[in-house]
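Paired with chain B in one complex and with chain C in the other, chain A is shared by the two complexes that follow.
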Partner chain A sequence: MLLEVKELTKIYNVGLLRRKEIIAVKDVSFDVKPEMFLSLVGESGSGKTTTAKIILKLIKPTSGSIIFEGQNIEGINTLKDLRRYWRNVHGIFQDPYASFNPFHKVDRALGQAFTLLEGSNFDKESIINEALREVGLRPEEVLGKYPHELSGGQRQRIMIARCYILKPKLILADEPLSMIDASTRAGILKLFSKLRDEHKTSVIFITHDLGLAYYVSDEILIMYKGSIVERGPPHEIIEKPQAQYTKRLVEDVPLLYKKWSGF
Partner chain B sequence: MIPRIIKDLFKIKKLDISLGIFLGLMLLSLLGSIIYPVDPTSVVGPPERPPSSAYPLGTDNRGRDVLAQLIGGIKNSLYIGVIAALISLGIGVIIGAISGYKGGLTDSSLMLMTDVVLVLPSILIMMLIAAYLKERNPIFVSIIIGVTSWPWVARAVRAQMMSLKAREFVYMSRIAGLRDIKIIIEDLLPNMASYIFMAFVLLMSGAMIAEAGLSMIGLGVTKGISLGIILYWAQLFESVRRGLWWWFVPPGACLVALASSLLLMSTALDEYFSPRLKGG
Partner chain C sequence: MPILETKGVKAYYSTPLGYIRAVDGIDLTLEKGVILGLAGESGCGKSTLVNTLMMNVRPPLRFIEGTIILDGKEISSMDRSMLKKNVWGVLVSLVPQSALNALMPTQRITDLVKDVVMHHMNVSEQEVVSMAKKRFEELNLEVDTLYRYPHELSGGMKQRVVIAISTLLNPKLLIVDEPTSALDVSTQKQVLKMLVDLKRAKIIESMIFVTHDIAVLRQIANWITIMYAGKIVESGLADDMLNHPKHPYTFSLVNAVVTPEPEVRNRGLASLPGEPPNLLDPPKGCRFNPRCPNAMEICRAKEPHLEEKSNRLVACHLVFP
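Up next, the complex of A and B:
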């Protein structure tokens, strides 16, 4: 097993005088096998992104544990160990505009990857160029530019190129396509499956689009209000949804060639 | 080629006016002593003379030249303003940045300290420290003002930091294993540069007024001159009641012009960087 998530719970306390608890993630458990394409599907506020951030060690869980290759990630605390963890488990976020610091050239996002790689004598330039070509970009077109000079699709490809440099064992892709034009989505989605096929990378794909998840996943988890309400292979979820929420989601997937009949 | 942002900035009338006033007074203080080489501390003529061709702004009770005092006073007030603003900006940004980025216990303890300094009446602290020092040169006065006026900067920087650190590019830098200090310097601080600059401008205007306040109660610089010191002597010898207007109007007007031009500058920049404030 590559990654085991066990009874993960995250509770936020808000308010000063009247304490109120917001349960973001509640008792979430799932496993990720090597070379698996797992989708977390749910609406906004369902706890998908929180789960991803906990796995990436960007926030701490309230309770529960995450075991990566047999090691509880709670014990990873020194910068050296953290770097090794992030080399193996990397993330891509929703907003390709917000993923780049507007003050730096896009090269920085790629160069940062080398902090995580062990050793020091790389031919950085050729590694970066190769990774960019892998994701379908021409290095001379994007290198040396500022983020605002590139399109959303190009930026998200650069983020994926960063994963090509690292070749992590697990990628958490948090809605990587939601801000991309529909016409370029399929191309970017293919890059994830290419990573899996060529480098045996597992992918946790977070999306609100059940149709998209159906198209690429080995397993789908449906999250609603912090909990997993249904899980299974894509065709089972689409054909025989059990939970009420899943049924609603399945009905909402827009179908091609079927006209909307209105309310 | 001038970057577009500079061109756009100069299109703002408020900024042009305030920058003009500020730079004008600054040039007056810097070049003034060359064009008008009179020692502000030595007696040059009969006391309490109204403006004339020999003494363009008259003389004070001891026969010192008011124009020369004004030139030296603006220079020292600006000097104190800049140094005090740099000191409080330094303390405020460091404490605010660490507090906002680290969170948790670090945040709580640093903010507790900030709140303590915030509720202490700073003028009282300044008086206590200033009264304790026998000799106060401009640097001392700047330090006194600087170490008492940083808390709001720390609070504001902390708030900005907390909102910025949840941005995705900060996450990208974090999962690239960058050190915290590098993330703060490369990712977070540049994104609040405009804000920090505005804080500097406001701090500077506040510091110059604080210096005048300290001087007016007799706790300003003991050596040399400043706008506050001229006003202090003018007040001590009842210039207002006796109608010696040339003694207190010019330093007062310069102080108001300096402080308000800085305030106007920060308002103009604020409007430029957050268009929501433009109104309409």
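Up next, the complex of A and C:
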């Protein structure tokens, strides 16, 4: 097993005078096998992003554990170990603009990927060019430019190009398409499947869009109010949803060839 | 008489590098009672167009030429004070894309309501509030919401409140710019339902709905207009157009839709390659030609114009040789 998420719970304490507990994630467990494409689907506030942050070791869970390749990530404490972990478990986030330093050219974001790699004798230029071509960008079109000079789709493609340099074992993509134009979403989604097919990378794809998850996933987990309410292969989730929440979610997705009743 | 009719409307952004031709010769007719879906990629000029349609044009955006007739009145020749008094909020209301963040954080919703209504009508504060209460009840919104601060409301609730307030004065035309793009699907459906209800209750007569999500348009629009690089490339009846797109750009937009249904699964995932052109210096001929899979010699040389055939308008040399 590549990654095991065991009975994860995260409780936030909020409020100064009247302390209140907010349960963001409640008893979440799932496994990610090598080469698996797993989607975590749910509405805003369902605990998807909190789960992702715990897996990336950006926040600590209240209870439960994350086991990566047999090792509990709680034991990762030095910066060196953390870097090695992030090299293997790579995060891609919603707003590609926020992932760049606006004062530096995009070349730097790509070059920095090499600092996570072991060794030092890289032909950086040709590796970068190759990675950009893999994600459907022409190096001469994007290199030497500042992040604001590129479209959201181009910026997100560059973040994925970093995966071609790092070759992580697991990519954790948190709503990577929600700020991307609808007409380019499918193209970027395909890049994740391509990484899985060509480099055996596992993917955890976090989204509120059941349509996107339906195409690429081996398994879909439906999250609602911090818990997993249903899990299964995509066609079963869409065709035979069991949980009340899943049924509503499936009904609420706008379709291209069928109209909602009452509209 | 149509509710809105435009002829040759051009609005450019003036920059030190030259004009950005975001709205470049738009002829648009919107019949009464129609929900028009305006779609296209980010940066194609959709938002600029809807702002121009109600003459909300401020520097660096400049109105270059053209006529806009709204409900029989030529608003393209009116000045700002006249528009504020007689057009905006009364004949046409726009809910802009950033409306969710435009609410004043220190003001209750009632304050906003008073602001909007008392600008146009000579009524007391109590009358305004009772008017708003009545309308909120009509739209199944909790009346309590009126006394809340914006941060106390969820994204979907804020959007519904903004739409309810924008339509308090029963404008004939409501324009909503990407109202659901930041919302999850269940909240999106509630907002869309409310928009349809507004029209059914005859609070508004017609609507322009701006989005890049074609599947949403299928649910609510009767008529669809597709924009590319500042121009209209295709216009037609919603169902007919989505089932049989004629312009290659419309075709690829429809093909890029990813929804969980058999028809879409069978055709597989497709997306439009390339990036939209720079509107400082748009391509010669048809603006779509650098990305068009069917581009011919003539497409690079001559600009196609919108032509009509059986209730469909298309600007393409392939369709109208």
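By definition in this document, the second predicted complex is superposed on the first by the 258 of 263 C-alpha atoms of A that agree within 3 Å, B and C clash if a C-alpha of one lies under 4 Å from a C-alpha of the other, contacts with A are read in each partner's own complex, and residues count from 1 in each chain.
Just so we're on the same page, a residue touches a chain if its C-beta (ideal position, glycine included) is under 8 Å from a C-beta of that chain, and two chains touch if they have at least 3 such contacts.
Nothing here was measured: the structure is a model prediction, and the numbers come from that model.
S.K.: Give one word, clash or fit, describing how chain B and chain C relate on chain A after superposing.
M.R.: Fit - chain B and chain C, as placed by superposing on chain A, sit side by side.
S.K.: Put simply, what angle do chain B and chain C open at chain A, by C-alpha centres, to the nearest 10°?
M.R.: Seen from the centre of chain A, the opening angle is 80 degrees.
S.K.: A:Thr78 contacts which: chain B (first), chain C (second), both, neither?
M.R.: In the superposition, A:Thr78 touches no partner, neither chain B nor chain C.
S.K.: Regarding the shared-chain residue A:Ser120, is it in contact with chain B (first), chain C (second), both, or neither?
M.R.: Touch partners of A:Ser120: none, neither chain B nor chain C.
S.K.: Which partner, chain B or chain C, touches the larger number of chain A residues?
M.R.: Of the two chains, more chain A residues are contacted by C.
S.K.: Quick one: classify A:Arg248 as touching chain B (first), chain C (second), both or neither.
M.R.: After superposing on A, A:Arg248 lies in contact with chain C but is clear of chain B.
S.K.: Name the contact category of A:Arg185: first (chain B only), second (chain C only), both, or neither.
M.R.: In the superposition, A:Arg185 touches chain C alone.
S.K.: Look at A:Gly136 in the shared chain and tell me whether it touches chain B only, chain C only, both, or neither; answer first, second, both or neither.
M.R.: Second partner only, chain C.
S.K.: With the two structures laid over each other on chain A, which partner does A:Gly211 touch: chain B (first), chain C (second), both, or neither?
M.R.: Only chain C is touched by A:Gly211; chain B is not.
S.K.: Report, in whole Å, the shortest distance between any C-alpha atom of chain B and any C-alpha atom of chain C after the two complexes are superposed.
M.R.: After superposing on chain A, chain B and chain C come no closer than 10 Å at C-alpha.
S.K.: Taking the contacts chain A makes with chain B in one complex and with chain C in the other, which residues are shared?
M.R.: On chain A, no residue contacts both chain B in one structure and chain C in the other.
S.K.: If we count contacts the way the header does, which residues on chain A are in touch with chain C in the complex?
M.R.: Listed in rising order, the residues are 43-44, 136, 151-154, 181-190, 208-212, 214-215, 234, 238, 248-250, 252-260, 262-263.
S.K.: Which stretch or stretches of chain A touch chain B in the complex?
M.R.: So the residues of chain A in touch with chain B come to 53, 56, 58, 79, 82-83, 86-87, 90-91, 93-95, 98-104, 109, 112-113, 115-116, 159.
S.K.: Spell out the residues on chain C that touch chain A in their complex, using ranges where they run on.
M.R.: So the residues of chain C touching chain A come out as 41-43, 155, 184-189, 192-193, 196, 212-216, 218-220, 242, 252-254, 256-261, 263-265, 269-273, 275.
S.K.: Any idea which chain B residues touch chain A in the complex?
M.R.: So the residues of chain B in touch with chain A come to 167-169, 171-179, 186-187, 190-191.
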